[in-house]
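Here is the structure we will look at, set down as structure tokens.
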Amino acid sequence: MTISPKKAMVYLTTQRIEAFSDGVFAIAITLLVLEIKVPHVSEGGSLWAGLGHLWTSYFGYIFSFIMIGVYWANHHHIFHVYKKSDHYFVLLNVIFLMCISFVPFPTAVLVEYIGDPEHRQAAMTFYALGLFLPAFSWLCTWLYASHKHRLLDQKLSPSYVTKTTKLFVISNLLYFAAILISLWNGIAGLIVCSSLTLLYLQAPSQPTYTDETDAAV
Amino acid sequence: MTISPKKAMVYLTTQRIEAFSDGVFAIAITLLVLEIKVPHVSEGGSLWAGLGHLWTSYFGYIFSFIMIGVYWANHHHIFHVYKKSDHYFVLLNVIFLMCISFVPFPTAVLVEYIGDPEHRQAAMTFYALGLFLPAFSWLCTWLYASHKHRLLDQKLSPSYVTKTTKLFVISNLLYFAAILISLWNGIAGLIVCSSLTLLYLQAPSQPTYTDETDAAV
Amino acid sequence: MTISPKKAMVYLTTQRIEAFSDGVFAIAITLLVLEIKVPHVSEGGSLWAGLGHLWTSYFGYIFSFIMIGVYWANHHHIFHVYKKSDHYFVLLNVIFLMCISFVPFPTAVLVEYIGDPEHRQAAMTFYALGLFLPAFSWLCTWLYASHKHRLLDQKLSPSYVTKTTKLFVISNLLYFAAILISLWNGIAGLIVCSSLTLLYLQAPSQPTYTDETDAAV
Amino acid sequence: MTISPKKAMVYLTTQRIEAFSDGVFAIAITLLVLEIKVPHVSEGGSLWAGLGHLWTSYFGYIFSFIMIGVYWANHHHIFHVYKKSDHYFVLLNVIFLMCISFVPFPTAVLVEYIGDPEHRQAAMTFYALGLFLPAFSWLCTWLYASHKHRLLDQKLSPSYVTKTTKLFVISNLLYFAAILISLWNGIAGLIVCSSLTLLYLQAPSQPTYTDETDAAV
């Protein structure tokens, strides 16, 4: 608010960053369908059986679609509390988008090897890693932006910031735990990841503002 | 209207959801062209014959393009009566987009097997199912949003809501019927689906508002 | 201007249609790069020679990129004079976008067969047809929208409308001529198409309004 | 500012051009992931080894993602000082986008041949060329727009324009030098390109306006 319009103008507005991010999210989420390949039915075979064998593809499609969709929703939710942007924030957001765009690849690896007992575990660990990367870069972006309210609405209550930081740190630890668990047991790691996703599906908490509470900044 | 700006702010605005949905629609609709493969003309063959043999690809492209285009137009049409959004609405919309993004896959299956008498019927049933999924998730989104005018403009006339609900339930039943019919006769199922599309092509009815009619909320 | 806001609301705004169209244009134009395949250099061969052999791919990429880019610029240019939209206009625009999205396919066919003397002519005719389709659907959209100023700014001078209609009809005739010429000589047909593109690259004429001229509607 | 609203209307607004460019950037950047192919592990092999062998793919993905991301950020940064657009500017921007959309191809070539001592150097020169093309078209766009403040904010200080022109000319010379260096030593050329990217990662300078300084236009 102490930023003059002229000065603020030279940074990208958060709306512009959101619009570009939306584009990347929309494309990454839609490219997932390209991983589902039309089955080639052999002589005398059944197309339904062929379509049924693709259950790993459907699973990967649905799972990753919801993961990216949830990240998209959270991206918007959090961007509401970012009031300005700067050069490093833009770069951190580009790195976050790089991690989101990468998700179709570990998904394809998981789909290819989930039915193969020998490589299933490695594929699941790689997938858990693929989910950890956006969570981690998302945390970094938040830590940079929220440090001393650098890019946040100045009126945002410190308790909301602390709570959000805690939430992001914990979810990173849980994703990291999912990687470790998947090294021991692939299925268990995937179940932890799924539960985390379900956690994210919960309605996020509402930001609180100091002029709404009885103050005390 | 009784929502304070601060509180409303934490939910995604319907404009933002529309912009993201537009992106997914635009990509899903454009990816359809990737399913049309350049023909490999054998020695002494004719390129025109090769291009002609792709009629199933052109058919699938045009049919699915119009289907997704019609859903896009309806998405916008209906979003005009949604006045706010909440967390579950965002998730339902993501699931709807997941069904829209999936359409290129049943299209590819149909294109591959429509010329094969043995598998044509299964391919058509699968395609009808692929058209039913967005219709069904679209109905769920509407039922959630319109229940007690939860996310609708409060002035929207109850008769418009009832009429729209009826329309969506009937079109779902018809899509479901198309699946059943295609189990018995693939071509017939496809004709039912096409007719439904033609129905959607009709101009949708105008929303009416209680302050425009002689009231009675 | 005599349309009440409530009534106008139920149609898609032209901005929304533009935004969706932009998405389709952006994807169709970017997908062109997927047609350029990394060359596989044989033992002892040179990568530069391999990259050089792809000149047909580069040619197709550049030519179709500029074609779609020019259509995009014209789409926006003309949308400035559309003041409202209706159901049929939306459908015509979807069909136009279907033709634009299709362009990468005839481009891929041209790239594959332009170096093959036997099939070059057929490939060029097919490509000319691929350029004619968006021109034709674009003309249809214009004729529908401009008929009795149906969707145009009411103040737009009739002379501008007549001039634009003439321009679109002539360019359609020329594209059609290019198809016919390419049946006789592929290279000649392609040269006609290129010249048409160069014509489009000229700055379009400015719309004139009746309140700017000495009136006479 | 001396442009009447009616007249200005016939050109695309810079916002529209930005929105379309954003779409192309978002797609080009997301398509990069399609170049990373799921490894096929041979009998008795390790999936981790297979995933490890893809380091060239990861390298190409990250490098090109950051390059395109940096161009996107610069595109927006510079578009803030463009106040209007004209027909040639739109065409120059389309050519710039053509160069950006092309980046995934030299990236794929680099990824394919960076591990092959025979072709590594050619691949790197081609990649350096792929990075030079957007830099060069970007410079052309700037020179056209800034010539006699043609499309710039009239109040933008001439010193900012001169500084920016110098910066763009120098970075073009450096990219060109990178091409020449890569002809002599591929790795050295790539290091120069990387350093240039790091340079771009620096916060760009703030535009200055004549009414902010003590004047003297």
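Going in written order, the chains are labelled A, B, C and D, and every chain counts its residues from 1.
We take it that a residue touches a chain if its C-beta (ideal position, glycine included) is under 8 Å from a C-beta of that chain, and two chains touch if they have at least 3 such contacts.
For clarity, every value in this text was computed on a predicted model and none was experimentally measured.
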| item | value |
| --- | --- |
| Classification of the subunit A:subunit B interface as same or different, half of numbers criterion | different |
| Reference subunit C; chain at largest CA-centroid distance | A |
| Superposition of subunit A upon subunit D: rotation angle, C-alpha, nearest 5 degrees | 90 |
| Chain centre separation (subunit C, subunit D; CA means) in Å | 26 |
| Subunit B-subunit D separation of Cα centroids, rounded to whole Å | 37 |
| Per-residue overlap in subunit C, given as positions that touch at least 2 other chains | 19, 23, 26-27, 31, 34 |
| Residues of subunit B defined as touching subunit C within the complex | 18-19, 22-23, 25-27, 29-34, 36, 38-39, 41, 46-48, 51, 61-62, 65-66, 69-70, 72-73, 76-77, 80, 201-204, 206-207, 209, 212 |
| Residues of subunit A that touch subunit D when the two form their complex | 6-7, 9-10, 12, 16, 19-20, 23-24, 26-28, 31, 34, 86-88, 90-91, 94-95, 97-98, 101-102, 104-105, 108-109, 112-113, 119, 122-123, 126 |
